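Sending over a structure as C-alpha cells; questions will come in a sec.
The chains carry the letters A, B, C and D, assigned in the order they are written, with residues numbered from 1 in each.
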C-alpha cells in the first residue's frame, strides 16, 4: 500500500518533496540555468518513462492492466512530450537542444532502475518504482500552489499550476489506486519488504535527480 | 528486406497463405466449428500481440519507432479487440467464452516465440517475427477477394472483406516499410541469415496455427 | 507448493507422466524413429532450458538464488548436453544431425512459454513453469524402474536408469524445495491461482511434447 | 571494434583510466575511507554484473556464446566474489557490512544501464556496455604496475597486482576478442554509431563510479 511505503521511507520522502530545488521553485528563486538543465534532462526522462509503460503492457496479465499501461503510455507520447517541447521552447530550448543533451548520471540511475525493475520484478515491483515519481510531483504541485504568493509573479508559476491542476492530480490518484490494487494481491512480509525497499530507493533517486538539476551536473 | 525473406521461405510461404483453412474460407466450405475455434484462439492471440507491441515500445531507440509501436498497440487494444469481440458475438461467442478458452499449443508457440524474439533479439528481430502475420493476412485478403464469387453468399465474406479492405492493406504496407527500414541498418550476411530464419519460422508457425484451427485442436 | 499445484492439475499430470510415449519406453515397444525424433528435439530443448537458467540468474534477488540458478545452468552446459550428445551418438545421431534439426512446434511452445514466464513473471512464476519438466521426469524414471522387467532387455533401459538414478532424483527434490521456498513468499489466493495455472499449462505442454515425439511431428 | 570505440571516446577514456582515484591508488595516497567505500560498492556491483552475465546466456544464439557468458558468470560467482569478500575482510569489512551497504547512485546508473542494454539491445550492445569495465581495469592494472615504485610499500599493491596479473589480463583480451567478433557481424554506420555511443556512455559511468568512490558518496 502506498501509505505504508511512504511511511517506511522515513526522511527520504521529505528529502525528495521538500528538496531545495522544490523550495526554490516555490519561491521563484531557482536559478534559470538549473531550471533549464532540469527541463532538458526531464525530456530524456520522459522518453524512458514511455519505454517503461511499454514494458508494463508486456507484463500485464489482465486486459485492464494492459489498458491502464497503454493509457499511461499515450499520456506521455501524445500529450506530455508535446507539452514539454512547447514549454521548453518558451525557455529558449529547441527540440534539437533537447535531443542533443547527454543524459545525466542521476537520470540514468532512475530510469534504468525503473526499466530493470519492470523486467526483473513483476508488475507490482514496477509500480512500486514508478509511484514516487508520479505521486511526489502531485504532492509538490499541491503544496507549492497552496503556499501564499507562490503562484503570482513566479517565473515557475505555470510549472506549479500544471502539477497542482486537477488533471495531473487525478493521474496521481489513479496511480495510487493501481499500486494498492496490485499490492493487495501480494501478501506476505517478505514481498512487502522488497516492494518497500524499491519504493524507498526510487524516492532517493528522485531526490538525486533534484540534486543533479540544481547543480547542473551530468 | 521483406521481399528477400519471403523468397528465402521457399514453400513455407505458400503453405501458409494457401493453406486448406484459407482455401475453405475462400469458397465458404470451412466447417463452422473450425471457424469458431479459430475466432476463440485469435482473441487470445491478439492479447499477446498487444503485449508484443508493448515490448517494441521498450526496445525503441528513436521516438519515431516508439510512436510506430504505440500506433500498433492502440490499433489492437482500441480497435481490433473490440471488432473481434463484436464479430465473435455474431457467431454466438460471448466475451466470457473467449476468456474461458484454453490457449492452444500452436497459439502458445507463435505468440511466445514472438515475445521471446522481442526480448532476446533487437527491434529488427522482433519485426522479422511479426511481419509474416501482418502481411500474410493482407495477401490472403487480397487474393480471396479477387477470386470470383468468393465474396457473395459466403459466410466468411465479411472476414475476407476486412483483410482485403484498404485500411488493413495500409497497415500491412506500413509493416513492410518498417521492416525494410530496420533491415537497412543491419547489413552483413550473418544478420541476414538470422533474420531470415526468424521470418521463415514465424511463417511456419502461422501455418501451424491454421492446422490447429482446422482440426479444432488445443 | 508443488503438492498443491500437482493436485490442481487434475488429469493433466497423469496425461503427462503416464503418456503412451512413456509407457512404450517402459515396455520397450516405442518405435526407434520416435525415440530418435525425441532425442533430436530434446537437444534443442536443452539449449533453451540453459537460456532459461541464465534468465533465472538475472531475476535472482538473493545470492543464494543466483547460485541455485547457476548450478542449474552448469548442470546443463557442462554435463547434460555432453551426456546427451554422447547418448545420441549411440543411436546413430551426430552433433551435426542435432544442430540441423528444425525445432518442432510443441518444442517452441514449451521453451518459449518458459522463457516468457521467466521474463514477464517473477522468479516464482519461472519455477512454476520449470518444475513439471524437472520433477515429472524424475517421477517417470522412478515409476518405470520399479515396473518389473522394465530395465532388462529394454533398448531404453539406460534412459530409464538415468532418470531413476539418485543423481537425477536429487536434482528433482532440490527443484521442489526451491519452488516451495519461493511459494512461501507468495501468499494470497490470486497469486496461487496464477502460479497453479502456469504449472498446469507447463504440464500440458510436456504432454504435447510426448505427442510430438511419438508422432515424429515438427 | 574495440579499438574504434576507444578512439571514438575521445577524452572520456583517459578521464576514466587516469582518474584521480586511479592515480591515488597508484601512488598510495588514496584515503582509506575512499578505498573502503569503493570496496563496499564494488561488492554490490559484482552481484549485478553476475546478473548481467545471466542475461548474456539468455541472449546467446550460439552454444559458444552461451559458454562464453557462463564462464564470465562462473568467474564472478565462484571466484571474484569470494576473493572480494576475503580481500574486504583484510580491510576490516565483514560480509554483513557489504550486504548492508546502500547502493550508490553512480553504481545504480552503471549496473542498471548495463542490464537494460542487455535486454533492450542485442548481445553486441550488451558487450559494448560491458567492455569498458573489464578492459579498462586491465589497462589501469598494467599502467600502475609499470609505474616505478607503485607496487612496493603501497597499501593498494595487491589490488594493482591482481589487475596487472596475467590471469586478469587474459580475461580482458578475451573480452576484446568477443566484442570484435560480435561487431564483425554488425556492419553499417548506424549500428556503429549506436554501439560506440553505448561504449562511450559506459566509460563515462565508470569515471562517475570513481568520483562516487573518491567522495564517499551514495
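Keep this in mind: a contact is a pair of C-beta atoms (placed from the backbone, for glycine too) under 8 Å apart; a residue touches a chain by one contact, two chains touch by 3 or more.
It should be emphasised that the depicted structure is a prediction, and the values quoted were computed from it without experimental measurement.
Once you count every C-beta pair in contact for both, which comes out on top, A-D or B-D?
Ranking A-D and B-D by C-beta contacts puts A-D first.
Which is it for copies chain C and chain D: same residues on both faces, with over half shared, or different residues?
same
Taking the mean of the CA coordinates per chain, how far is chain A from chain D in Å?
Roughly 30 Å, centre to centre.
Need the CA-centroid distance for the pair chain C / chain D, whole Å please.
36
Find the geometric centre of each of chain B and chain D from their Cα atoms only, then give the gap between the two centres in Å, rounded to an integer.
Whole-Å distance between the two chain centres: 43.
Provide the list of chain B residues touching at least two other chains, using ranges where the numbers run on.
Residue numbers touching two or more other chains: 51, 58, 115, 119-120.
Which residues, counting only chain B, touch chain C once they are in their complex?
The touching residues are 51, 103, 105-106, 108-109, 112-113, 115-116, 119-120, 201, 204-205, 208, 218.
Which residues, counting only chain B, touch chain D once they are in their complex?
The touching residues are 58-59, 61, 119-122, 125, 185-188, 190-191, 194.
In the complex of these two chains, what residues of chain B are touching chain A?
Residues of chain B touching chain A: 47, 50-58, 60, 63, 66-67, 69-70, 73-74, 77, 81, 115.
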